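Each of the next two complexes has chain A plus one other chain: chain B in the first, chain C in the second.
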Partner chain A sequence: MKKLIYILLSLYLLMPAVLYGQQRFPKPEFDSGYEQPDVIAPEPRAMGLEYFDVLVLLGVLSLASWLALKKRSRQGILWLSIFTLVYFGFYREGCICSVGSIQNLVLSFADPAYVISATVLLLFLLPLIFALFFGRTFCAAGCPLGVIQDLVIIQPVSLPFWLRKTLGLIPYIYLALAVLYAATGTDFIICRYDPFVGIYRMDAPYTMIVLGVAFLLMGMFVGRPYCRFFCPYGVLLKWMSKFSRWHLTITPAHCIQCKLCTTSCPFDAIDYPSEEKAIAGSRAGAKKFVVYAVLVPVWVLAGAFVGMKSHTMLSRSNQDVYLAELLIKHPEVKSDPDNLDVQTFLSSGRTMETLVEDARIVRKKFYTGSIIAGAFIGLVIAMTLLNQVIYRRRTDYQPNPGDCYSCGRCMDYCPVEKPKK
Partner chain B sequence: MMNKKGIYIFLIILAVIIVAVIAGDFARNRPGKRPSNPFEYNMGDLKKVDPEQIIYRETRNFKLKMEEPAGMTIFNDQIYVTGDQLLQVITTEGRLVREISLPFKPLTVEVNTSRIFVSARESIHVYDHDGNPLAEWTGFTGNSYLSGIATYEGNVFIADAARRRVYRFTEDGEKELEFEGKVSDDALHGFIVPSGCFDLAINEFGDLWVANPGKHALENYTFNGILRGYWTSQFSDVKGFTGCCNPAFFTFLPGGNMITSEKGILRIKEYKPSGEFVGVVAEPSRFMEDGKVSDVASDSQGRVYAADPDKKSIRVFEKI
Partner chain C sequence: MNDSDKIRLASNVAVVAGIFCAVVSLLLLLNFFQLTKSDPLESEVMQSMIERLGREPQNAELKQDIRHLDLLARKAYFTSQWQVNTGSYLLLFGALVFALALRVYFSLKSRIEIPDQIVENELKARILSQKWLLAGGVFVLVLTFAATFATKDYLKMYHVDETLVADVASADPGIEVIEVGSETAAALSGAETSSEEVPAATAEVAASDAAPAQVAEAVTAAPALPDAAQIRANFPSFRGPFGNGVSGHRNIPVDFDGPSGKNILWKATLPMSGYNSPVIWGNRLFVSGANAQKREVYCIDRNSGKILWTRAADNIPGSPATAPRTTEDTGLAAPTLYTDGIRVYAIFGTGDVIAFDMEGNRVWARNLGVPDNHYGHSSSLIGWKDKLFVQYDTNRGQKLLALNVATGETVWETPRSVKISWASPILANVGGKYQVILATDPTVAGYDAETGKELWSVRGLMGEVGPSPAFGEGLVFATQEYATLMAINPANGQIVWKDDEYLSEVASPVVANGMVFLATSYGVLVCYDAKTGSKLWEHDDGPGYYSSPVVADNKLFIFDLDGRLQVYALEREKKLLGESNLGAKISSTPAFADGRMYVRAGTTLYCIGK
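Now for the complex of A and B:
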């Protein structure tokens, strides 16, 4: 209860930090030939410091992996996550983060004029490489979005299996849309709906602060709701972690089936030993498997069809497409001085022909991209269904290599001692 | 600890909030559905004036025969207005007495018993009362913008908006000193003049007052440029000055009260020499939307005259 009060108090203290930038007064008009000076953009972060950030991330990932796999110290991981919260969160203000770097990478592939630095590429790749070898240790202590949620967990409840699986589809949809929007140069939606970056920077719009606070309040009872049910980068980490060479284990030696760890994971990421009933019914499951396997291409085609049908609607989020449509349908808006979008276009010097041609190219990209995104989502749904009927024999309680965040809570519950060398 | 039912209800509410915020933001911030310009400075409320605070009414106005009135002063109850390339002398009833053609674009005008001083951007032109040129003072730097003139007992004070300083000349055109309003060498700021409006005036008691528009202040100086006192009025309501640089113009009523004219939100107000707000002479609704600021002057009866550049007329306000 004390922890709950502290968290609520901290959230309350953060609220006044929501400030609205507003120009104090109109620009003075000068009739004396005075020339308005150019606005000076803030200097970008020095390249040396950017590499330093990568080094810090590398250090955090290495230390987190060592703490989770070798040292088996939950307390160590906790302190490391506090460091991440302070450094990558409040000091680096949550940007650029590995989660959002997906979009930079995609855009650099789609638009030859957009180049990303080696540091961004490293921020994207390092957590995935570590996940491939050691599991999701980035989630445990290296991700500023993850650690802020991890620190507010108070009374985690276990969600029903069906709900977890249904909500678990959202990150895939989010990933598909984020890639589509980034590839078409429309928007970086991962950054736009990042619920915590506003808290780190203390300058988000009011609604984004509400979103961040809502996620944190939810996180008191549902462990890491953003990581589990939204994070698109988590999808990639999950794929890597499933094949991880080494992974955190609950027990340091042999599982004695004491079941003490069963309630330790706030993320429902512990797989139980196979039940006898399931083993007996595995033959019936085989029939289901065949049906679901046959349905895979149906799901993919259905997804592609839905994607194709929705490409027009999705493309309207693009500024060029929207403007071209608007100016063709309602040419009278050109004389509306209050329409900022139109006035900005008119003062930019671009011709209507260029705008329409650019919009046509973007819509074509959306057409192809939406079909691929739809097919991908269809495939994910099909594979999720298929996974439910694949029988896997397990004899011990073990962390699910895809879902486990390597936070190390379960290790503390295991009474088995580490064998002495 | 909360019971499970309570937790589930709480979680459902939060889930609804999360979905509502994301969906609401996505729907609201699409192209064409953007919120109104967040950087727009909404001055609607600032333009509202309580009718009880308006203590003057417009009794007359007369059209000027010039396109762009710039500066105005009143001497011996005759109005001297500059604009275009003209200096006009008009009675307080609006009858044109004299018109003098000028070979330059004038900014402001000041009159004493023997001379008329008209400023151009970088020079002062001196005339007698018949309009004969007497002298031209040209010793200013190329960056000057001579926006205000005041005279008192042989001293001529000139405000330079571009160089943010005040000069003291003799009537014969000899510069005696200049000052920039700094209290001391260590003081960070003297005059802050973000626009071309930088006015000064001397009241009937011989007190030199200079507007410090960037600080929303009126400052009283000795003739040697030593700051004697000041007042500032930074209220956001009608009692204060708003914007980058106000008051743009000011003058004195008989008795020493001040009349200020503001740019941006165009309005004319009366203050006591202490800075205490007395009332509104002309509220913003009396002027054209986004119009230009009016120079102000007053006659011996305490009537306020405003040279309105948008309506190309002199407007007369009398106390109710």
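Now for the complex of A and C:
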């Protein structure tokens, strides 16, 4: 076992240096006779093939739902996730995925000039519709970001409840920021910081691949860290899945309280039967509930206020704002031939006045957007706190409908046999 | 194979795959260090060879050696890139096998554990999570709030700078004060004008000369704006008064020769080139020139050809630091200037609009936003009374602007749902009210010169519209090479007739004596009946016309691209009165004053007369 640990450690140490060597000096520029490789990855597909991708996703979602709910086959889900890894991951190079499609959708609402195809809309909606009926089967076998993490889980450790809940705030913050940046036309941060797309494309900036490798190494011991503590699309799937009409169950019939499944879930997504002590203790927490409920608007207002105050800072990610401020702060950069941003701007013939005007328009959008995003984050903190003092009586071991990825691991642990019809 | 065999196999596979990954990683690492240490493009040998080439630029052998070395460097780069790519795939493959073997190993070794009675005390866990959530929530908000204090809004600071610029500008007496000097009076009196307005202007000047105490009054009082008669007596804009290509000046020579100098009164060399045509008020002629670095306006004594003053269009707030790209046949000084005898106004391909008084004092300047124009902005200026009209149809927004001639402020702005155009606005007196008429893809439209309101609009043009419209015989004529020639009634916006036999690409039509004349870029001059559209005559001769036909002295003057001037009688049958050769390529349109014709060829300005 020690050998393995040494190998793992050496791999981890070697990786950054190896990756650093990838992009050494710029592409050669020939006057003629040389065709520059396409810089868009993946290359655009014909409309028919885009619909084919949607069909494949529909097929994967249907099959995953059937395997999780009807067939109850962990093996089937595993093989399906390998297919997703190959098709949506390495073949389609992780783009466009349902996770990133949030941004396309938001921008299409915010900017009338930005139009999305029906395929993008379907990629966004299909997993949510399936989650509403069958739980997060998309996470189980349809998401290229999820399956790559799922396949590297080796020795998952259980995280304490407080840590899960606290880290669980991050996806909401990430979602709020992703929507804000997309709506202002600033950036698609979900794609920019997608940790796995660089691995799928075998080509990405150094930091992006390091991030992906770090997530995978962490994922060997903490099940699906990106899905649980970062994925913004997971927030929407969680909301849908909570109301799922049918959802994967641990037992095919009745729970016999054998507790065998308790260690089966690498994601700590199994809810245990309620403790009587906890239920009794929760009654004493009624006062706390009132306090937290009263504090909801305070959190929302505080979030909105902080959002409003931070709009200047947040808007700096926008290229126009960044460039305008840079030129105002350091006008001498105009004569720096190595500053490509500035040189590109200068050669575009755009005036400083126009740039500043455009930057001001963006900043105004950020003002409104940041208030809304801040209020949303405040509301999420408030509601999560409120949820901590609400106890629901459970009698069986059952998957948490919001957090369960429907991977089916727990089903194999259940000794209860499926009743014969 | 029993479980322990499987475990052993999985363990061995994991070890082999792990070692494989480590070896591949090591090789990639070595590749990286090798490349870092010996970068062929930055080698001392290459550097010294390049330095040597600087000293021996004609050394062909050395050039060849550098090329060889460069080729080797690039080959090395692509080879290393191939190695990195292949190594990465091998590493990925090894890592997959490694991960799978580990999974199998651990799943085979796993035993069903005895579940803990209580994994975590729910009540305690929840209380703890509340504390952490509170701390986490407060931490996020406080940290973000604290970070805002380190943020400065530099965009607001730019606003402060703008104000400073404005303050400096207003503090400069040379910018705000408009002195109506003796030259202006001379310009006004020198023109063939009607007598009503001129005395008023000269009276002001006389008063200022006689009594210094009244100078302030004369300076602050608005100078008298020219009326229609004064405009007709001069040549104030592209294609003359109101942009219609008809001048009342007489005794224009039809016989001259550029190479021999016959009837060439003078030739002046301008500092910079430009495709704009001369405009004239009194004894002063104005043109502009530009290159990528600077833009200038030139005032020339039209009697001697001497440059009276040269003024740079610089330090204009909002003007781009780098000029936009334009094509060679357009450049940055394609639009013709406009003058009202009080000021001269110029626009450049940068979007800079500038006004000088007749003495060359800058009155105002502003930037309208850099026009997104793939050839370069070419629409000329025109004005009426206190308004200067700018047709600003670009790829990024189309509008007609009216600027206050005295301040440059926007009086009104009318957005237009059209495409980009290169045509210039003209003015038409329709029913006693002046209309600004514009031709663009897809419409020809008339706007109330006073309010900017669109009065009528007719679809029918398409593509890249270069020819400006013309007004005469109560009709507006507009054309484009791939569309049609149409006559429109500006009173109701109805098309009176259309024809598409001959169409113009660049040159604008002109209307006179019940006829409309059209010159094509492929060398055909055509005459139509203005009322009916029936073709009266055509003349197919020459290399083509970019210069627009103009009417003066009751004759039709037109320069072809080779600089040959043809003069035709304004008759319903073709009658060529004379042909002369300037000896220079001409694409600008001539201007007329007092028996003289002025035409520009690049940096040379010709005065033709007797």
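Annotations for the structure displayed:
In this text, the second predicted complex is superposed on the first by the 377 of 421 C-alpha atoms of A that agree within 3 Å, B and C clash if a C-alpha of one lies under 4 Å from a C-alpha of the other, contacts with A are read in each partner's own complex, and residues count from 1 in each chain.
The rule is simple: a contact is a pair of C-beta atoms (placed from the backbone, for glycine too) under 8 Å apart; a residue touches a chain by one contact, two chains touch by 3 or more.
All values derive from a computational prediction rather than experimental measurement.
In the superposition on chain A, A:Val106 makes contact with neither chain B nor chain C.
After overlaying the two complexes on the shared chain, residue contacts for A:Ser317 are found with chain B alone; chain C is out of touch.
In the superposition on chain A, no contact is made by A:Ala183 with either chain B or chain C. Of the two partners chain B and chain C, more chain A residues are in touch with C.
Once chain A of one complex is fitted onto chain A of the other, the partner contacts of A:Gln155 extend to both chain B and chain C. In the superposition on chain A, no contact is made by A:Ile250 with either chain B or chain C. Contacts of A:Leu217 after superposition on the shared chain: chain B is touched, whereas chain C is not. Legend: residue contacts after superposition of the two complexes on their common chain; A:Cys410 is shown touching neither chain B nor chain C.
Within the superposed three-chain model, A:Tyr193 lies in touch with chain B and out of touch with chain C [touch as defined at top]. Shared contact residues on chain A (touching chain B in one structure, chain C in the other): 20-22, 24-25, 28, 155, 316. Within the complex formed with chain C, the residues of chain A that make contact are 3-4, 7-8, 10-11, 14-15, 17-18, 20-22, 24-25, 28, 151-155, 158, 160-166, 169, 173, 199, 202, 259-260, 262-263, 272, 274-275, 277-278, 281-282, 288, 299, 302-303, 305-306, 309-310, 312-313, 316, 321, 324-325, 328-329, 334, 346-354, 356, 359-360, 363, 377-378, 381, 384-385, 388-389, 413. Within the complex formed with chain B, the chain A residues making contact are 1, 20-32, 34, 155, 157, 192-193, 207-208, 210-211, 214-215, 217-218, 221-222, 316-319, 322-323, 326, 339-341.
Every residue of chain C that touches chain A in the complex is listed here, in rising order: 14-15, 18-19, 21-22, 25-26, 28-29, 31-32, 35-36, 39, 41, 74, 77, 80, 84-85, 87-89, 91-92, 95, 98-99, 102-103, 106, 112-113, 115-116, 118-123, 125-126, 128-134, 136-137, 140-141, 144-145, 147-148, 151-155, 157-158, 161, 317-325, 350-351, 367, 369-370.
Residues of chain B that touch chain A in their complex: 1-2, 4, 7-8, 10-11, 14-15, 17-18, 21-22, 24-25, 30-32, 34, 37-41, 43, 121, 145, 161-162, 194-196, 242-245, 264.
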